[in-house]
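Labels A, B and C are assigned to the chains in the order they are written; within every chain, residues are numbered from 1.
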């Protein structure tokens, strides 16, 4: 077929860029993960040490801790945001239908620079002059600094994360609510369902795909969260808020341990790609259903 | 209870009037609560914004100062006297260059993915999505090493190329969803009208996705503007974008909060502006086109 | 202007699951108005798309005159297509839509801006859309969009016009007028035209010659007269002509056939000999067009069949009667003024030379 040959020209520039900035670096990191680098040797060489870096990883308690922290942050954050987001969507859908301008306003925290969101967290939670930190101190809920305390630092990050992402889930679900077909409601009305039955039997099943897409994006995001934690706690106190991405950063750019850092990166990448596969399938199912 | 469900609730003629007024009341209550929610979510940002217009004493006051005479001193100090306006320019250079490059390269690719029988199409897409979703730290290390070898560290090339690692997949992914929305008959019509594939793309299809391209570009600019890690490790002081610089201004002691807030405000205003410009495409961009906004 | 030939063309969709065209061979003569008639899903649009180069054949070849065009891109084939789905450029006005083919970079030297404008106006007048020139497609009705789509094809003079149900969405009156216009334009320009339609009347009234397509196969090719008078099989017999031909199952009894066991008809010698060749001994399908049946008094000796009028459908000057006998139904077309009332007993008569005889197994015409 004569057209098949020049398909290549359409994708070639992107393929080259993809190769140079993504694939080659990725393979480089893969080779690094089998090597050891020391401060004295040149960066480009490194010594081949087989799977030693991965073996070290298996026995690294901090590595497990980072996954533990990620899940300790992720699970409550997503449950909280899912419930609040749904409630918020049901509340605002009517208003949004009349005033679309509410969508950008609501989404401001979601799209604002994460570093600024982190700064908002640091300042509002400041025990001496922060709007929220002062109240927490006055009510005796927290002694001293919220972010300086190992038991309150992670909840604080979850709170800031919830501030940032609840509007996102709410807006996605609102889009779902506004796109709902009318026929099932008419059918439910004919069948004499009450509003609560209608919600669980009609609204929720129709809204479910939107929920899945929003939640999967959030789950994957949880493995990327870095900026906000870096601004608020730098993973501390101790390793109390050290999520996977923060841990990987510490081992690569703080300790300049390229071999071990690369092994870490590979493990994280495999983990992400499994999650993405679920997301991808959900997206495809979703698109096929449309 | 859903809004839709309310709309279809049966109303018997006898109590129609009272049902209507109670429903209207419910609607007004929901508007009021929506307004409250908006205020609730905007408040922390606005409060931090306000700190940039306060003096140090006003900021550090144990009793929060609600009424004060705004001052621009923090802005003058941080942007002009300390020369941090450069950071804003740097952010702009990096974001605009990366996005321009990825739009020019990515849009034809997205069209090809939408229209041509590319072998392994879905696998490529899965890979693109995986790299888009991986934490920045995955590629930050090898990019640092490779850019060091290529003597790109400290030039704008390093953050621009690094930002392409997430912008290019995003452009390809989202633009494909826009192209998929256009019926293939339009291509067929243009081609039988005498246009080659490339001319069809330029004259018949691109005009149809103009607003889509603008949306994707603005979205990408936001993401690029917000990026922190690449901007931190792949740059020098001369090329560092503003988002990557802000955390270094926060110290354990003696942080100049007024100036930090002034800089953060300056950095977040363009984003806020872009969000409003994007209004119609926000949902689609945030959900990668899976949900049409 | 060109002759278009399809040689053993096959096409599958969805990874081979759906076969749209099965081994089609077709020759469309230069300068002729050719109709592709068939029900929905027969493969008409696929044929158009393959000739235009929008889709690629799975196997087989396509020629334009003596040049093989199977692998050429659509823009290298110089055909103009009017799509059933319109495929108008939504952001362009009607004027810009009509001018679009003339503005193609390959035609830059042929058409000056002034010529383009004049040609667009001309076509717009011809199709009665000159008042809509500055509107966008979304501001038009379905019928208006269809005329724009047609205009975009007619605006230039290609080697062939490919029209995919180009007037299906117009109202009856306009459709009638457009049919006449299209035929006139085609005769004037003498450009080879392929025209698909599910409407047999449209095909019969327009075509120089036509093909009947069913489930991806060609059932018959011929002039409208040939096809109407000598349908090649039961499908064509029933598809062409309105109301459809009556197909009567009948038993062969020596030199005679028995219709529904109610009437006897002597078998023409030509058919008789075919029967032996085809090894048909017992049964036969006999087709009679509703207009070839005469109503006679049930007591008359002429009456072959006797029955009762079940429905009378009045279509202005003519009416269609449904006459039942036992469990069988026969349709009769006649002048409304002569039509009997519902429930009346009637006798039916027809001449054996008006009958069409089909093989009951292959459903093919016998003579």
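In this text, a contact is a pair of C-beta atoms (placed from the backbone, for glycine too) under 8 Å apart; a residue touches a chain by one contact, two chains touch by 3 or more.
Given the structure is predicted, the values throughout are model-derived calculations rather than measurements.
Centroid analysis (C-alpha atoms only) places C farthest from chain A. Between the chain pairs B-C and A-B, more C-beta pairs are in contact across A-B. Of all the chains shown, the one with its CA centroid nearest the global CA centroid is B. Computed centre separation for the pair chain A/chain C is 60 angstrom, with centres defined by C-alpha atoms. In whole angstrom, the spacing between the mean C-alpha positions of chain B and chain C is 56. Spacing of chain A relative to chain B, judged by their CA centroids, is 15 angstrom.
For chain B, the set of residues touching two or more other chains reads 197. Shared interface positions of chain A, i.e. residues touching 2 or more other chains, are given as 3.
For chain C, residues touching at least two other chains, in rising order: 73. Residues of chain C that touch chain B in their complex: 49, 52-54, 73-75, 77-81, 83, 85-92, 100-101, 104-107, 152, 162.
The touching residues of chain A, counted against chain B in their complex, run 3-4, 6-7, 10-11, 13-15, 17-18, 20-22, 24-26, 28-29, 32, 43-44, 88, 90-97, 100-116, 118-120, 122-124, 128-129, 131, 134, 163, 167-168, 171-172, 175-177, 180, 182, 185-186, 188-189, 195-196, 198-199, 202-203, 210, 213-214, 217, 220, 223-224, 226-227, 230-231, 244-245, 248-249, 252-253, 258, 261-262, 265, 268-269, 272-273, 275-277, 279-280, 283-284, 286-287. Those residues of chain B lying in contact with chain A across their complex are 1-10, 27, 30-31, 33-34, 37-38, 41-42, 44-45, 47-48, 51, 59-62, 64, 101-102, 105-106, 108-109, 111-113, 116-118, 122, 125-126, 128-131, 133-146, 148-149, 161-162, 164-165, 168, 172, 197, 222, 225-226, 228-229, 233, 243-244, 246-247, 250, 257, 260-261, 264, 267-268, 271-272, 275-276, 278-280, 282-283, 286-288, 290-291, 293. For chain B in complex with chain C, the residues that touch the partner chain are 183, 185-186, 188-197, 199, 203-204, 207-208.
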